[in-house]
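Chain nomenclature is as follows: A, B and C, assigned in order of appearance, with residue numbering initiated at 1 for each chain independently.
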């Protein structure tokens, strides 16, 4: 494929679409035909993204099917993956096919599977984070340097301020925690937020002008 | 009837100011009149060390670009991560290390595929490119994160590179990497996860360091010039804050009224 | 000089101890007293100041993983809104928030929800509104353009409440229950900022504790009027609701004992790790 197709056309599309969205955001009032046209554009992108979701599903199923057929590593778990995906898909499609009022409302079976399986599995996985935090705090919160010491002390104070045990030890911990959040933390986060925002603008301008091209792959 | 939509006047004016600063800096750098020196970003310099370590140990590199796609508000972090992916893939091809990439969003898969393949071609090792090393694990936060965790443990990766928008899974991935003995380079602009990477990874890119990555790694004077322009944008914000404090203390509300527009 | 054992405890012992001690308060509750902090109090004050019949947008933007922190917050606030005769338009901009929002509404308004007399006039559940931040922006500009039916398929034109609430100009309070994106920053950017600022669309947030530090600049600036800080914030709000109205749906308060144990244990491990580190750094050097 020529360089024009692989690089210059995507860069041109990026610039044109970017300028359209900037103009729409700042100058086109909501409800006007021009603004509705850009909303249509955004909706078109949503459709493309949804199509990519199907691509992801196909890739996932293909990867695990190949693993099963080759008896690759942990191929038994690939069976569980494929069965889980297909079963939940069937449950969802069954709900759509049998529901009378609207497409997006979940059937009772789908809701049951969601509430009794998915919710609990997701909660369980997330709760493992608590163990990782404990081990990370144990190994990383060391008094190595001034900055590390500040991190350790402030982190410990916030742990006590955010739980009732802090107030039980000393009644001033919650107020101290609130002050730490409202004053030094707010100042630091404000600076980080502004820095990130300006950095994002800089990156966006580089992309719109075609200066930043790393996401297209390296030039030959 | 105002030309600019309600609530966005101040935002537009600030955008124009920052845009002007960046364009001037870009122009000066492109014409060679002034190319600023950029300080070393330890995390980006460490990528080559990480790839080298993986090659010596004969273990793979695990690379992720977080939970972003190209459609959401965090796309700029994802794009920065993809730039770093290209750089890492080229190094991996050059040194002969295995690179595993786990995209979260299926929209990134074709881009990643293209980036990694082109990097291998550019390094002169097209035959070493294996599309099976780009694995889609599913589009939900924790299934994806634990898929990466499982791959890290199974493959015993020697280097973990996490560059992009992360949420709660950041510490999970960083801890997993630590316990496999991997060298870890991580970067995110999500303020609520930066501290987890700072604490748990060997090298961390904070906020806009991630967004400077593309410019930094390319060594292109024009891109580096834009970083200098962004610094002026931050200086503008600092001046506005300082002036705002003085005006508010004096009871003058002109600046706060302007920002309410 | 080898690293002393204190500095290299096998993490599996840490995990086991954490699991055992966090489980203990379920059998032997500590009943530690809890005081209401400034940020949760601010949410209470803003909501209590609303006149009856004010419209509250309650947005369930969280997933099952953070249900422990976000659900008690949302439930307590909704209960307060119900007791104060406020009108509630509930919705979700997260796909996982759709079914979770329905669960919470059933707990607050009764298992028969939506088959309750006040559905359509005092409370409406729109369910999942697609589009993330663009969906939020559209909802603020025109509610019917964002979602034409409620969660159960009824066209919004047939719901009296949605005929009153047509855009952000009709919102009296936005209550955002969030654990990520889209969340409170997107409400500020795409709704509040475009429709008159915090005085026109006040925003209160219930969030996971990890996200709260990043919200403080917005709280200081007045763009966020109050914050419930994680599980502790939810527990504080339950105290407030119980004190004023009696609250039968307590969920966060019993869990705070386990949270306290976990926090203390983490601090203990940090101290132990640093003792080991100090021995390595200072003790080993002297001997050699």
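By our rule, a contact is a pair of C-beta atoms (placed from the backbone, for glycine too) under 8 Å apart; a residue touches a chain by one contact, two chains touch by 3 or more.
It should be emphasised that the depicted structure is a prediction, and the values quoted were computed from it without experimental measurement.
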item: Chain-level touch network, classified as line, ring, star, complete or other; value: complete
item: Central chain (distance from its CA mean to the mean of all protein CA atoms); value: A
item: Chain separated most widely from subunit A, comparing mean CA positions; value: C
item: Mean-CA-position distance for subunit C and subunit B (Å); value: 29
item: For subunit A paired with subunit C, centre-to-centre distance based on mean C-alpha positions, whole Å; value: 18
item: Length of the line joining the C-alpha centres of subunit A and subunit B, rounded to whole Å; value: 14
item: Residues of subunit A engaged with two or more neighbouring chains; value: 30, 46, 122, 125-126, 133, 135, 139, 141, 189, 193
item: Shared-contact residues (touching 2 or more other chains) in subunit B; value: 5, 8, 11, 142, 168, 191
item: Residues of subunit C engaged with two or more neighbouring chains; value: 11, 63, 65, 213-214
item: Touching residues (chain side subunit C, partner subunit A) in the complex; value: 9, 11, 14-15, 18-19, 22, 32-35, 37-39, 63-68, 98-100, 103, 127-128, 130-131, 134, 138, 141-142, 149, 151-154, 209, 212-214, 216-217, 219-220, 229-230, 232, 235, 256-257, 259-267, 269-270, 272-274, 277-278
item: Contacting residues of subunit A [partner subunit B, same complex]; value: 25-30, 45-46, 48-49, 52-53, 55-57, 59-60, 63, 73-74, 122, 125-126, 128-129, 132-133, 135-136, 139-141, 151, 189, 192-196, 198-207, 209, 211-212, 214-220
item: Residue numbers on subunit C that touch subunit B, as the complex places them; value: 11, 63, 65, 132-133, 180-182, 186, 193-197, 210-211, 213-214
item: Complex contact set, residues of subunit B against subunit A; value: 3-5, 8, 11-12, 15, 18-19, 22-23, 26, 69, 71, 76, 79-80, 82-84, 86-87, 90, 105-107, 109-111, 114-115, 117-119, 121-122, 132, 135-139, 142-143, 145-146, 154, 168, 171-172, 174-175, 178, 189, 191, 194-196, 199-200, 206-208, 210-212, 214-215, 217-218, 220, 222-223, 226-227, 229-230, 233-234, 237
item: Residues of subunit A defined as touching subunit C within the complex; value: 30-31, 39, 42, 46, 101-102, 104-106, 111, 114-115, 118-120, 122-123, 125-126, 130-131, 133-135, 137-139, 141-144, 152, 156, 159-160, 162-168, 171, 174, 177-178, 181-182, 185-186, 189-190, 193
